[in-house]
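Each structure below is given as C-alpha cells.
What follows is a pair of complexes built around subunit A, which joins subunit B in one and subunit C in the other.
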Partner chain A sequence: MDIAVETRALRRVYKTRSQEVVALDGVDLRIGRGERFGVLGPNGAGKTTLIKILVTLLLPSSGAAFVDGLDVVTQFRELRHRIAMVSGGENVGFGMLKVKEQLWMFSQFYGMPSNPAKRRIAELLERLGLSDAADRRVSGLSSGMRQKMNLIRGLITNPRILFLDEPTVALDVGAARDVRDEVRRWMAEDPTRTVILTTHYMMEADELCDRVAIVNRGRIVAQGTPSELKQQVQQNAIVDIQLSPGRRLLDALREVDGVAGASVAEQDGIDRFTLLLSSDAALGGVMRIVEGSGREIRGLQKREPTLEDAFVKLVGRGMAEEEQG
Partner chain B sequence: MSHPSAVRIFLKTIVARAFPRFVGSYRNRTWIVTETLLPLIGTIAMIYVYRALHAPARYLGFVVLGGVLLAFWQNVIWAMATQFFWDRGQGNLELFAMAPTSLAAILLGMALGGAYLSLTRAVTVLIVVSVLFGVAYSTSGILPALGVFILTICALYCLGMLLASVFLFYHREAWHLADALQEPIYFLSGFYFPIRSLGAFVGGVGSLIPLTLGLDAIRQLILPGTPQFIPLHWEIVAVVGQIVLYAVLSQVSLRYLERLARQDARLILRST
Partner chain C sequence: MIATIAQWRGFKAATWLGWEISSNWTRPLMFLIYSVLRPISAAFILVVMYRVISGRAPGTTDYLAFLVSGVAFWSFVQYGFAGLSNGMAEDRGEYRMLKYVYTSPVDFYLYLFGRGLAQLASAVASALIVLVVATIALSLPIDPLRVNYPLLVVGSVLALAAVIGMAMAYGFLQLQAVDAHGYGELGASVLYVISGAIFPITVLPGILATIASLSPLVYWMELIRRSLLGSHAIRMFPTLSDADVLLRLVVTTVATLLLAHLVFSWADRRARRRGLIDMESNW
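On to the complex of A and B.
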C-alpha cells in the first residue's frame, strides 16, 4: 500500500495552568493513498488535535507523524504546499470581501498564478452551485453557502491530501449532501488524492468513507471498513426502545446480563434507547428494569446493526450526549 | 514536486493580504473621519498649546511633521503589531500559518494595505495645518527629506513585524505594555518637539524607536534652525542600521515564536 498518512505512537498533551489534558495517547495509523478515511469519536476524543498535528499547526508531544512521506515536525515547509484543511463552522476570511475575492486571496498564499486561480474558482463555484453568490459579500452568506465556499478554498490549490474536520457540522440536509457529493467527485477525479475527515455523523462515515477509525479518549479503539466494523456487532441483537421521560436508567440497563452496550438520545420529549444484546434472552432482564422504573414504553423494535451500534459497543456509549436525569 | 518559488509566494502574499485592507477601506468609508478630521484636531490643538506658550514659530513645523509620522506609528502599533492577535480570534491565523507562505509577508501585506490610509492622514495634516498656520519649509531639503522619510517608514515596518511576533506569543502582556508605553513613546520619540530637548541620555533611549532619528533628520532637512541632536548623516546611518537590525530580528523571532506557538497550541483556536 502506498501510504498517505502514517502516525507512530502519536501523543499530544495540552498543559494549561491548572491541569494536563492527554488529547492523543499513542495513536498508530496508516492511511493509504486514494483512501477516504474517516475518524469517528465523541466530543473531546482528540479528532481535531490529530488533524491539527497532521496539518503542521500543532507539534506532537511525542511520537511521529508523516504526511505524504514528510515528517510533520521537521519537513513542514515542504508539506504545506501539498495539503489543505477545512473545518466545519469556520468563519474565516474577511466579511466585506466578495466570495470570489476571498477565494482568490487564499489561493495567492500558495503562489498560484492569478488567472488560472480565478478560472479554477469559477469552475468550483459552478460545481457547488454557488456561481450566483460569487459577487456576494462573505458576511451575507448562509451557513451552508459559507461552508461550501470553505470547501472550495480547500480544493483550489489541488492538495495531495485534504483534511476535513467535521465538514458538515450544523448544515441542513441538502447542504451537507452537496458537500459530501463534492468530496466524492473530487476524489473520483484523481485516484491518488486522499481525504481524511472527522465526523460526528455515523451516516456520513458509513456513506463516504472507505475506512474508519473510531477514537475514544485519545486512543484508536477500532478501525476497518464500515462493514467490517458492523460485523463486530453482527452476532448481537439490536433493540430500540422508546420510553416516556423518567428517572435515569442507562446505568442500570448496562448492568443487565447480556447487554453489551447501551446508549440513549432524547428526541421530542422521548428517550430513545438503543441496546446491544449478546442474546435475545437478555431482553427479559431489560424489560424488568423498564417496568420497575414506571416509565411508559412508547415503542420497541429489533433491527439490523448500523455503524452507530458498532460505535456503542466499542466505546460503551453513544455519540450523542448522555442521558439527562 | 515543483512549487512556485518562495519569492513569488512572498510577493503574491503581500498583494493578496493588502487587498482586503484596501477594499475594506473603500467599501467602508468611516475612516475618512477617523483618519483625517480627528488627527487634524489633535495636531491643531497642539499648535495652540505652543502658541499659548509663545514658542518660536518653527515649533509649529515640528508639530506638523510629528503629526505626519504619528499616522504611520499608529498604523504599525495598532494594526500591524496586534494583527495576529485578531487573526487568531477569527481562525485566520491557522490558515495563514498552514499555507506555504511566510507570516512576514502576511504582515507586510496587511501594513501596506493600510499604508495609504496613513498616507492620506499624513498628507492631510501636512497640507491643511501648514497652510492654515503658514508654516514655511526649506524647499531644497524636501527631496532628501522624502528619502529619509521612506527609510524611516521601512525601519518602522520592520519593528512592527518584530512586535507582531511578540504579540502572537505574549498577547495579553504585550497588549498592556503597548497601551502603557503609548504616551512615553510619544514623548521619547519627540513627536511634538525636537529630540535635542530631551538631553543625550533620554534622547539616546528614544532613538531605539525608528521614528525618533528619522523625524529629527527630516526636521533638520526642511526646518532650518532645528537644534541638532546628532549630525544628520549619522542619523541616516542609524536609521539604515535599524532597518537591518529589525528586519533580521523580526525574521528570527517570527520563526522562533512560530515554533513555540505550534508547541503551545497558540496558532489554533481552542474548539472544545
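On to the complex of A and C.
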C-alpha cells in the first residue's frame, strides 16, 4: 500500500498546573494514498489532537508521524505545501474581506498564480452554490455558507492530503450534504488524493469513508471498512427500545445475561435504548427488567447493525455517554 | 526561483491584508483625515505641554526640535512595533485564522512582515506630516537642503530592521498569553521611555540608562537629529562622531536581530509544543 499518513506510537499529553490529560495514547495508523479515511469517536476522544499534529500545528509528546512521507516535526515546512486543513463549527474569517478576496488571499499564501487562482475560486464557488455570495463580506455569511467557503479554501490548491476536522458539525442537513458531495466529487477527480476526516457522526463516517478508525480516550479501539466494523456486531441482535422517562435502567440492562452492550440517548422526552444481544433469547430478561421498572414501552424494533452499534460493542458504552464522561 | 515567486505572492497578499485591516473600518476620505490628524495631534500635545512649562524662554527652540524630531520618528516604532506584534494575537483571537495561515506554506516571517507593512507605511507618512507641519508652524531649524539624507536613510533602515525583529519576537511571546489585547502598545510604550525620543537617556535612572544604551533605537534617534538639525541638534552622545554612532547602531541592530531570531524560534517551538497557535484567547 502506498502510504499517505503513518503514525507510530503517537502520544500527546496536555499538561496543566494541576493535572495531565492524555489526549492520544500510542496511536498507530497507516492510511493509504487515495483513501477517504474517517477518524470516528466522541468529543474529547483525541480526534482533533491527531489532526493538529498531522497538520504541523501541534507537536507530539512522543512517537512519530509522517504525512506524505515527511516527518511532521522536522519537515513541516516542506509538508505544508502538500496539505490543507478545514475545521468545522468555527466562526472564523477576516470579516472585512469579501468571500472571493479571502479565498484569493489564501491561494496566494500557497503561491498560486493569481489568475488561475481566481478561475479556480469561481469554479468552486459555483460548484458549492456560493457564486452569489462571492462579493459579500465574510462577516455577513451564515454558518453554512462560511463552512462552504472554508471547504473551498481547503480545495483551491488541490492538496495531496486534505484534513477535515468535523466538517459538517452544526450544519443543517442540506449544507452538510453539499459538503459531503463536494468532498466525494473532489476525490473522484484524482485517485491519488487523500482525505482524513474526523467526525462524531456515525452516519457520515459510514457514508463517506472507505475505512474508519474508532477512537476512544486517545486510543484506537478498532479500524477497518465500515462493513468490517459492523460485522463485529453482525452476530448480535440489535434491538432499539423506546421507553417513557423513569428510574435509571442502563446498568441493570447491562447486567442481563446475553446483553453484550447497551446505550441510551434521550430524545424528545423519550429514552431510546440500544441493546446488543448475543441471542434473541436475551430479550426475555430485558423485558422483565423493563416491566419491573414500571416504564412504558413506546416502541421496540430489531434492526441491522450500524457503526454506533460497533462503537457500543467495542467500548461498552454509547458515544453520548463517553462525551459526558 | 519558483519558490521565491511563490513566497513573493504570499508576501504581497499579507501586505494587502494588513492594509485592508488597518484602513477599511471607515470610508477612504475619513481614513485620510484620521491618518493626518492623529500624528499631528499627538505631536502638538507634547509641544503645547513643553511651551507651557518652558514659558517660551529664550534658547528653547533646540530642545523643541529635539522633541518634535523624536516624536515624529517615534511613530515608526509605535505603529510598526504595535502593528507587527499585534498581528499574530489579532489573527488568533479576533479572526481565528492564525492556524490556517500558520499551516500554509507562506514563510511566517514574510507573512508577519507583510501583515505589518501597512502600519509601517502609515508611520512613514505620519513622520513626514509631523516634520513638515511642525517645521513650518514652529519655525524649527530644519533646512531640507542641508539635511544629511544618506545618514538619515541608512540609520532609519537599520532601525526599521531592528524594530521589525523585535516586534516579531514580541508578537510570538504575546501568543503565550490568553489575554493578549494591548500588549503591543505596552511594548511600544516601554521602548518609548528608553529610546531617547522625548528626553536624553542620561536623565534616566542608572539601570534604565544602561539598558537604553544597548538599544539600537537610541542611536537611531541620535542620527536622525544630527542629520536633520545639524549643529542645532542636542546631542545625547556628544563625544561620539557620526561614524561612531552609526557603528553602534549597526552592532546593536545585529545583536537585536540575532536575539529576536532566537526568541522567535524558541517561542514558535513552544507554541507548537503547547498548542498555542489556535488556542482560544481574548481579544
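One rule holds for everything that comes next: the second predicted complex is superposed on the first by the 320 of 325 C-alpha atoms of A that agree within 3 Å, B and C clash if a C-alpha of one lies under 4 Å from a C-alpha of the other, contacts with A are read in each partner's own complex, and residues count from 1 in each chain.
The working rule: a residue touches a chain if its C-beta (ideal position, glycine included) is under 8 Å from a C-beta of that chain, and two chains touch if they have at least 3 such contacts.
Predicted, not measured: the structure shown is a model, and the values here were computed from it.
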Three-chain arrangement built on subunit A, subunit B and subunit C clash or fit
clash
If you stack the two complexes on chain A, which partner ends up touching A:I83: first (subunit B), second (subunit C), both, or neither?
both
Under the stated touch criterion, which partner chain does A:N43 make contact with: subunit B (first), subunit C (second), both, or neither?
first
Given the touch rule stated above, what does A:Y110 touch, subunit B (first), subunit C (second), both, or neither?
both
Based on the superposed arrangement, let me know which partner A:V239 touches: subunit B (first), subunit C (second), both, or neither?
neither
Which holds for A:L57: it touches subunit B only (first), subunit C only (second), both, or neither?
both
A:N91 in the overlay: touching subunit B, subunit C, both, or neither? Say first, second, both or neither.
both
I'd like to know which partner A:Y14 touches here: subunit B for first, subunit C for second, both or neither.
both
Which parts of subunit A are touched by subunit B and by subunit C alike?
14, 52, 55-59, 77, 80-81, 83, 85, 90-94, 96-97, 101, 104-106, 108-114
Residue set of subunit A touching subunit C in the complex reads 14, 52, 55-59, 77, 80-81, 83, 85, 90-97, 101, 104-106, 108-114, 153
As the complex stands, subunit A meets subunit B at residues 14-15, 43-44, 48, 52, 55-59, 77, 80-83, 85, 87, 90-94, 96-97, 101-102, 104-106, 108-114
Touch list for subunit B against partner subunit A, complex:
1, 3-5, 8-9, 12-13, 15-17, 19-20, 23-24, 27-28, 90-92, 94-101, 106, 259, 262-265, 267-268, 271-272
Residues on subunit C engaged by subunit A in the complex (per definition of touch)
3, 5-7, 9-10, 12-14, 16-17, 20-21, 24-25, 95-97, 99-106, 111, 269, 272-273, 275, 277-278
